[in-house]
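The structures come next, written out as structure tokens.
Look at the two complexes coming up: chain A is in both, with chain B in one and chain C in the other.
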Partner chain A sequence: MKGALELLQRVSAHPDARCWCVAWSPSGTWLASCGGDRAIRIWGKEGDSWECKCVLDDGHQRTVRTVAWSPCGKYLASASFDATTCIWKKTNDDFESLTVLEGHENEVKCVAWAPSGNLLATCSRDKSVWIWEVDEEDEYECVSVVNSHTQDVKHVVWHPTQELLASASYDNKVCIYKEEDDDWECRATLEGHESTVWSLAFDPEGQRLASCSDDRTVKIWKESTPADGSSDESWKCVCTLSGFHGRTVYDVAWCRLTGALATACGDDGVRVFKEDPTVDPEQPVFFMSAHVPKAHGQDVNCVSWNPKEAGLLATCSDNGEFAIWKYNSDS
Partner chain B sequence: MASHFSGVLQLTDLDDFITPSQECVKPVKVEKKQGRSVAKIQIEDDGSYFQVHRDGQRQKLEKAKITLNDCLACSGCITSAESVLITQQSHEDLFRVLRQNKVSSSEQKVVVVSVSPQSRASLAAHYGLSSSEVARRLTSFLKNLGVHHVFDTGFSRSFSLLESQREFLERFSRKEVDKKALPMLASACPGSCNQLCDWFSTTRSPQQMMGSLVKGCFASQKGVSPQKIYHVTVMPCYDKKLEASRPDFYLSEYETREVDCVITSGEVLKMLEEENVSLRDVEVGHLDTMFSNVCGEELLGHAGSGSGGYLHHIYKYAAKQLFRVEVDELTYKTMKNKDFQEVTLEKDGQVLLQFAVVYGFRNIQNLVQKLKRGKSLYHFVEVMACPSGCLNGGGQLKPSSDQTNKELLQQVEELYRGERPSVPEQDSRVAELYQSWLESVGEEKARQLLHTQYHSIEKNTSGLSIKW
Partner chain C sequence: MSGGTRLENANPLIFQRSEERLLTATDEDEDLADPINDREIFDILSNDPEHPLSLEELNVVEQMRVNVNDEESTVSVEFTPTIPHCSMATLIGLSIKAKLLRSLPDRFKVILVSINKQLADKERVAAALENSQLLEVVNQCLSTRTM
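Here is the complex of A and B:
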């Protein structure tokens, strides 16, 4: 079952700077990119090509590291090395800065919206994970600050259906957070990676979590409910994809529509993995379905599946480009 | 080294990349040569540096070497200043002074220990005693070791509460003219955010108020020079160690600090364990009444929160003085979470006073944002860095294996409340000291003894400090 990745378009999005992140809007029609030039660019399809519709270059004083769309598509959050997170509101053809979330001591690495749309998570090199709440008047307030990691926190991601948060860190660990009483706390720590964990992705049902690391592997974790009925939550690593990546794996994305797993690698390659359907899901097996060895001229930083169009994939690189690909599972 | 500090005070600038700090104590040692010549430096292909003298002579320059030992002793680079100050202050230091007293008759120091009500309650929970019983046994234990006086910071807290009340009224009176007059924030907690210092009350905390009393009043009454007094306080957290080290509390005239050493409740337990003593087995002693909030053999406390009761006392006083309203019981309304509460005084639909309790980092963050944007409607906020306040401080004793944190905290709170409340305005000994000591030194000196000031620390941004 060999698949293929076809390049549709290559765009020089952030000239002379790294392109750190690409994110599709929930409708699948817009692509937001951000990078070392401190700007956010919004791209839309015109005919067959992707054109820049909007440039937001006055929101941050330093590199913009991550952009994330709210579940309703009306807001965009941007996390920056200037220690702030900016919330933008979509007006007709433009975005206006709604508010700036301050508090982190240094570079904010990632921002993520909860599926409910009421909560936002940010994480930083200051080792902390912050959870924010937004009310009906678009006012943001800090709900909790959790210090479970001992090093730089690289990524935060919300569970697709439950109010559960996961974070990945330079301390090689993954933390899972839940709300208890009026505060958020770390409920489980996933250990196994031998180096920095760069990114995380939940599977479409939210039953498994994929993590990728500087140790050149991708791990799949599953929450196990102990047979004795005790409330001890633990996540077990049920699969490790090793030997596929030549360098650090910087990002992993799990397609909601097809279940395919895409990775962004420091060896400039983009890979897509598929699950072997004949195998027991408790001990899954993934095989590499497609691989573009030199997808970009430099490190691939981010990979993102289009939420509406199956097989449409965006990637971006240190050379300031992003690329749009079409993935076919059988070719 | 694990950080014991409250979440608000953290080790900053500790990260993957070590950049040269502008405060590094190991600058390149240069052997200064007399003469007016300007040195020329030549860099060889292999990267070595040669200084070319006027006469053409070349001298290879030594590379500056920084070892880990240098760095650990420094305050500006790998470790932050706080860690260094901590190692200078511990129960080891108290033992050292007591040992010194026994050995040398010429280097004698008068050793005074001031114990906080929160520490007493923590020890009480651990040993299954009442707070007053802890006080009396702890007094014996410490005196057996050679400590001369054991006081209670509940006494100095009466001064802090009275001064806070007066300060609030003064600030309230000029709120129309001075936009920064209100809100007034309690400043007794040294862990409170740097960004809040514009609004801090200038009233000294009970610890530093005791510093004034011991090294000022006590010293002059006993005819002892302040540097001959070794003043220790027993506190529920580590942040108090930093407060004691602040330059504002250093008496340059006598080259001594107002509080020489701060030990935590946990460190007192260590002392007892090192001496192989259980507080339950120590004989009951008499309380030193001079600077203790005492009634017979019982210590008295104050109404309000376990963090000193600032909101309680200022609210009641302001309600009475400003609006002639007698408040019997305060109604606390819990907001977003249990560490964020509001108390409102309303009359005929109008809000007269709006006070709040804000504990813990996340709530302080939200308060900072509201203050920065001018969106805070509070007149007074009791701000504390630790969730649940001082009774839950980082230096308090930990729960036993069969007890949860929550259960222990509840127990400590009950024991804390076991010390019956006293009313600062009605304390005759406090009033007497205001008259005999504070009034006698003059208004300006009295202000120095009762109040302090705050300095915002500006972060230096330069090329060296940018993290790539």
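Here is the complex of A and C:
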């Protein structure tokens, strides 16, 4: 069953700079982008094309690495190399800076909102993961600082339904965190990648975790319940996608609507993988359904599925562009 | 680490500089597409002949170890720091990376073959080059001596 990726639009979003991240709003109608020009741009569809609605260029002193929308869609968080995370609140047709979260010693690489909307996680080159709580008065407080990694932490992602966090690191490992007695701690360490793990994505049900790495592979991990009934967390690698990517895989995204897995690669390509439904779920098999070898003129840094429109995919690149694609699973 | 222009290696081994590149008829022909080759990359990195301690003379960059594939848009540079594992090695690597990123067309992937994982991590390199103090030091390494 061969699929196809059709290019809908290409936008020069961050001129003369890298575009590091693109993120769809929960409603699927806005796309936020950020990059090396220290700016965040909000894009909306007008007719058939995507237009810039808003530019937030005074929030950070250095590269903005990641942007993330709150589950309610009213807030935007931005993580920067200037060691801060900015929280923006959406007003009628603009965003205002609500607060700046400080504490990391150096570049913040990623920020992620928990599905509940009350928790935020950030991670940094300072090797730590910070968990923040937000109350009804929009006050943010750091509730835990976890130092489980021995090197830079590249990415953090929350489980779709449980209060569980995962982080990916330059130390080649993935850590899983849970809250115990008001404190967050590392409950499991996933080893297997041979180089930096750049990004993570949970499957729609939250039963499996995909990780992508500088070792040019994507691994699928599944939580296994030990036979003796003990409470120890244990995750096993149940599938490794190797031989598909020519260079570092920078990002992976698992579509909530279709279950398709998309990857962003340093060989300028975008790929979509689908799971073979006939195979044993304990040993899943993925096949490459679509591949655009030169999706961008340079490295692809981020890939993001639209949460409302099935098959709509956004990607962005070192050349400052983002692109919108339509994925069709049978073409 | 002290200011960038003073090298920690006071008695470096000096290697013989390779011959000046002779211009050929094909070089002068404006109509021929000009693919980027090994020697050009080497020239970009070798610096000013007036500079007595150029990267070339320190054997930091050897001509044989520059590999360009113009069709695939890749450049791989293998450099041998005179004292491996020293802090200058990372700085030299960062300077080479910065010089190539600035000089080559955007389509090129620059691969620095070295023992240093940091230099292969583009996020780390980008953040380092945003650090104004470090950028100052890198620019000093890449500039010609002006006294």
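Note that the second predicted complex is superposed on the first by the 331 of 331 C-alpha atoms of A that agree within 3 Å, B and C clash if a C-alpha of one lies under 4 Å from a C-alpha of the other, contacts with A are read in each partner's own complex, and residues count from 1 in each chain.
Heads up, the rule we're going with is that contacts are C-beta pairs under 8 Å (C-beta built on N, C-alpha and C of every residue); 3 or more make two chains touch, one makes a residue touch a chain.
Note that the structure is predicted; figures quoted are calculated from it, not measured.
J.: Given the touch rule stated above, what does A:Ser144 touch, chain B (first), chain C (second), both, or neither?
T.: first
J.: After lining up the shared chain so the two structures overlap, which partner does A:Asp182 touch, if you call chain B first and chain C second: first, second, both or neither?
T.: So A:Asp182 only meets chain B here.
J.: Is A:Ser116 in contact with chain B, with chain C, with both, or with neither (first, second, both, neither)?
T.: Neither: A:Ser116 stays clear of chain B and chain C.
J.: Would you sort A:Glu102 into first (chain B), second (chain C), both or neither based on which partner it touches?
T.: After superposition on chain A, A:Glu102 lies in contact with chain B alone.
J.: Would you sort A:Tyr170 into first (chain B), second (chain C), both or neither based on which partner it touches?
T.: After superposing on A, A:Tyr170 lies in contact with both chain B and chain C.
J.: Is A:Arg125 touching anything from chain B or chain C once the two structures are fitted on A? First, second, both or neither.
T.: Once the two structures are laid over each other on A, A:Arg125 reaches both partners.
J.: Have a look at where A:Asp152 lands relative to chain B and chain C in the superposition and call it first, second, both or neither.
T.: both
J.: Contact-wise, after the overlay, does A:Gln162 reach chain B, chain C, both or neither (first, second, both, neither)?
T.: The answer is neither, since A:Gln162 touches no partner chain.
J.: After lining up the shared chain so the two structures overlap, which partner does A:Ser242 touch, if you call chain B first and chain C second: first, second, both or neither?
T.: neither
J.: In the three-chain superposition, say which chain, chain B or chain C, touches more residues of chain A.
T.: Between chain B and chain C, the winner on chain A residue contacts is C.
J.: Using the superposition on chain A as set up above, list the residues of chain A that contact both chain B and chain C.
T.: Shared contact residues on chain A: 106-107, 125, 152, 170.
J.: Residue numbers of chain A touching chain B in their complex, please.
T.: 102-103, 105-107, 125-126, 141-145, 147, 151-152, 170, 182-183
J.: Using the touch definition up top, name the residues of chain B that touch chain A in the complex.
T.: Touching chain A from chain B are residues 7, 10, 12, 15-16, 336-338, 361-362, 365-366, 368-369, 467.
J.: Show me the residue ranges of chain A that touch chain C in the complex, using the header's touch definition.
T.: 18, 36, 62-63, 65, 81, 106-107, 109, 125, 152, 154, 170, 195-196, 214, 247, 266, 297-299, 318-319
J.: Within their complex, state which residues of chain C touch chain A.
T.: The touching residues are 106-107, 109, 117, 120-124, 126-127, 130.
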